[in-house]
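Next up, some structures in structure tokens.
Same chain, two partners: chain A is paired with chain B first, then with chain C.
Right, the complex of A and B next:
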């Protein structure tokens, strides 16, 4: 027991402390449970209302997943395009600079108005938001070649296609893994914010409805589920990143 | 032809193409009526009658972002110093920071809406985004001093606080400065998303109102203003970063 508990506390004391502080704060401040539910109340609400939570979660996750895949393909595609042409790469540097210097999330209301309040809009928004990290990291990764390797390929008379598939793409794998990790977090955030702002469907809309009905347990339940899923996704993508570094780095 | 390959020339060219495309799509009506031409957006920002509105909103958002930026930086550096002196706490602190970062800000917003008055949600969300980036940069920076220097301090019997002030902190400043640059857009994202969750004023409020009331030009103007503020602050932070790198490396 001790062998299991010690590493667990060593790795997770920060988050445990946060949950304990929440519970203690509610108990000590004597706040009404309706105003500020305890973490255990929220878990109970999730457990007893699974039929409410699960469909909303499914919608949000599907939107985030489709958006992530679409944005990733688009970003990688454009990254390869700029890899093939230095002029295109130079002209697209403003996009790269904008992604790192400007809060891209603020584009969501504009995109919501451009595409209209339809069911496809959330997916379209997540595609565009996840496009940015995929494009920035893939175009940087395709150029991060091991020293001398490009010369070797040139001497051996490799075609452009061959250089791309055998050298540039494998060299870009660690960067693509980073893009996936950042993109996954971005996609879920974008899907939730879009659903919240448009009040359409999914966890974001559920949270908006719970907020206007002052149903704090429901709102916090949505928060807790998203938090748990994002943490899992983050830890998973960290694994992928380690694997990509070990295999291709 | 050499001039045409200069990355700066290509970057300016790319920006021009982006602006022209924005103007052209808007003026031709290709993007529908929710895509205004750039000239109309700029005209609204340049209209002195609007300066009062934009000025108050931008001031409020900027104040939230700055407060969050300062407290987030202090929290990030403090946590990094704590794990620097007590390395046993490092894995848990890493998880806490990564966890807070991986969880979409939307998911945390309800918790703070309940805990705090409405106008302190934007600075809090800004602070959380900043704290993670600064913590990661500071934790890496404090480890950057060379082993030989560290041994010297050890042999001369330096007090741990003297070692921190005279060796680890100066050696870590370049990394911290990089983190501070990357944290600029994070502070603005936090401030704007915090405002979407019900702050009384700010650019985020203008954006959501513009979206919901079909004030399309106002919506685009407010988003452009956020982007311009972020870009300016990012460039200033970049200049500071270069000065720190020149002095401490």
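Right, the complex of A and C next:
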């Protein structure tokens, strides 16, 4: 028991402390539960209303997953394109930088007109959010080759395709893992924000509805779930990154 | 010296100028260098740092092109030889791929060439460079000398027409380096591949080469071209012969920059 508990406390004491402070603050200051519920009440709301939370979570997770995979593939694909052609690099890089500097929120009305006020737009937003790190890190990673290896492949008369598959892509693996980590941490959050702003479906819409009904426990419950899952995804992708560094670095 | 037609490597009147910021005419790295290497010959290139040895080797491999002059390998352009995997190269950075095992690193030229991997040949080369038992190890788990042996084995795996070595043992300590020289000599005696070796070590050049070409620096020119008289196979004891020491002393003298002022 002690062996299990100790590493848990070591890794999570910050969050535990935060929850304890929250609980203590609400209890001691005697705030109204509508203004600020206690964390235990929020957890209780989640535990007793799983049939409400789970379907919403499923929708948000699916949108985040599709968006993450789609954005990652798109970013990697365009990264490969800029690797293969300087013309494409000259064209794509400024466009993507411009695109990424536009706040995603402002894109929602435009995207909603294209994909409708529903999961389509939510996925599109998550694609955009995950695309940029994938593009930037794959562009850089495809060029971060072991010293001398590019010359070696040239002397061996390697085709462009061979250089890509046997050299550039494996060399990019650690960078791709970083892109995945950044994307994984933000995908669910991006999906939830999009759902919240459109009030369509998923945890974001649930949050919006709870907020307007002054159901603070429900609103915080949705946030807590997203935060916990985002953190878990982040930690998992950190593992992937460590592996990629050890294997390909 | 024999004519250009029969040579395995023929560099003729090669000049190479590199652009340099603030200097309109650029840096003259090589000035009208002519060098022939006969089939089956082992030539060592000696010269002070920055005299253009690596540039010469890179041009032979088709990684760089001369400003003026011609480079031919077996009568063809380096690009044509590279296209049919005629070169075996080992440069100073070992250029092993960190995600491949020793076996897969040595097999890489087969894969790049789109040829079926000859596992028997790979096993024989691993034995030749004394790395049996390390087939599944990754480069990061090898010592510097072991990595260079993998590098040499990879250079030899496709039975190249021409072997180009640029200070392959430069990063090694003296003891390991001597050991590697013994192994390279043994391997070379078995294959007799046309070889051009760039080195800073006079002893290494004398022990391994049939001929030593000494270059001067800024701009790089051929200063001396001397045959190495020791009979093959050469035992280690050669390095203790008086003749060896005499040649070593005169080469060291020739390499001192003051000698050319």
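In the analysis below, the second predicted complex is superposed on the first by the 219 of 249 C-alpha atoms of A that agree within 3 Å, B and C clash if a C-alpha of one lies under 4 Å from a C-alpha of the other, contacts with A are read in each partner's own complex, and residues count from 1 in each chain.
Keep in mind that, in the parts below, a residue touches a chain if its C-beta (ideal position, glycine included) is under 8 Å from a C-beta of that chain, and two chains touch if they have at least 3 such contacts.
As the structure is a prediction and not an experimental result, all values here were calculated from the model.
**Q** Taking the superposition as given, does A:10 touch the first partner, chain B, the second, chain C, both, or neither?
**A** In the superposed model, A:10 contacts chain B only, not chain C.
**Q** Taking the superposition on A as described, I'd like to know which of chain B and chain C A:18 touches: first, second, both or neither.
**A** first
**Q** Now for A:112: first (chain B), second (chain C), both, or neither, which partner does it touch?
**A** Only chain B; A:112 stays clear of chain C.
**Q** Determine, under the contact definition given at the top, whether A:167 touches first (chain B), second (chain C), both, or neither.
**A** second
**Q** Report the partner of chain A that touches more of its residues: chain B or chain C.
**A** Of chain B and chain C, B contacts more residues of chain A.
**Q** Mind working out whether A:102 is in touch with chain B, chain C, both or neither, as first, second, both or neither?
**A** A:102: touches chain B, not chain C.
**Q** On the A-aligned overlay, A:91 touches which partner chain: chain B = first, chain C = second, or both, or neither?
**A** first
**Q** Who does A:154 touch here: chain B (first), chain C (second), both, or neither?
**A** After superposing on A, A:154 lies in contact with chain C but is clear of chain B.
**Q** For chain A, which residues lie in the overlap of the chain B contacts and the chain C contacts?
**A** none
**Q** Quick check on the complex: what are the chain B residues that touch chain A?
**A** Going by the criterion above, the answer is residues 4-7, 9-11, 13-15, 17-18, 31-32, 34-35, 88-89, 91-93, 95-99, 101-111, 113-115, 182, 184-185, 188-189, 192-193, 196, 204, 207-208, 210-211, 214, 216, 219-220, 223, 226-227, 230-231, 234-235.
**Q** In their complex, what parts of chain A are in touch with chain B?
**A** Contacts found on chain A: 9-15, 17-18, 22, 35-36, 86-87, 89-95, 97-98, 100-103, 105-107, 109-110, 112-114, 185, 188-189, 192-193, 196-197, 204, 207, 211, 216, 219-220, 222-224, 226-227, 230-231, 233-234.
**Q** For the complex, which residues does chain A have touching chain C?
**A** 146-149, 151-158, 162, 166-167, 170, 173, 247-249
**Q** If you look only at chain C, which of its residues touch chain A in the complex?
**A** 58, 61-63, 82-85, 87, 89, 91-99, 108-109, 111-114
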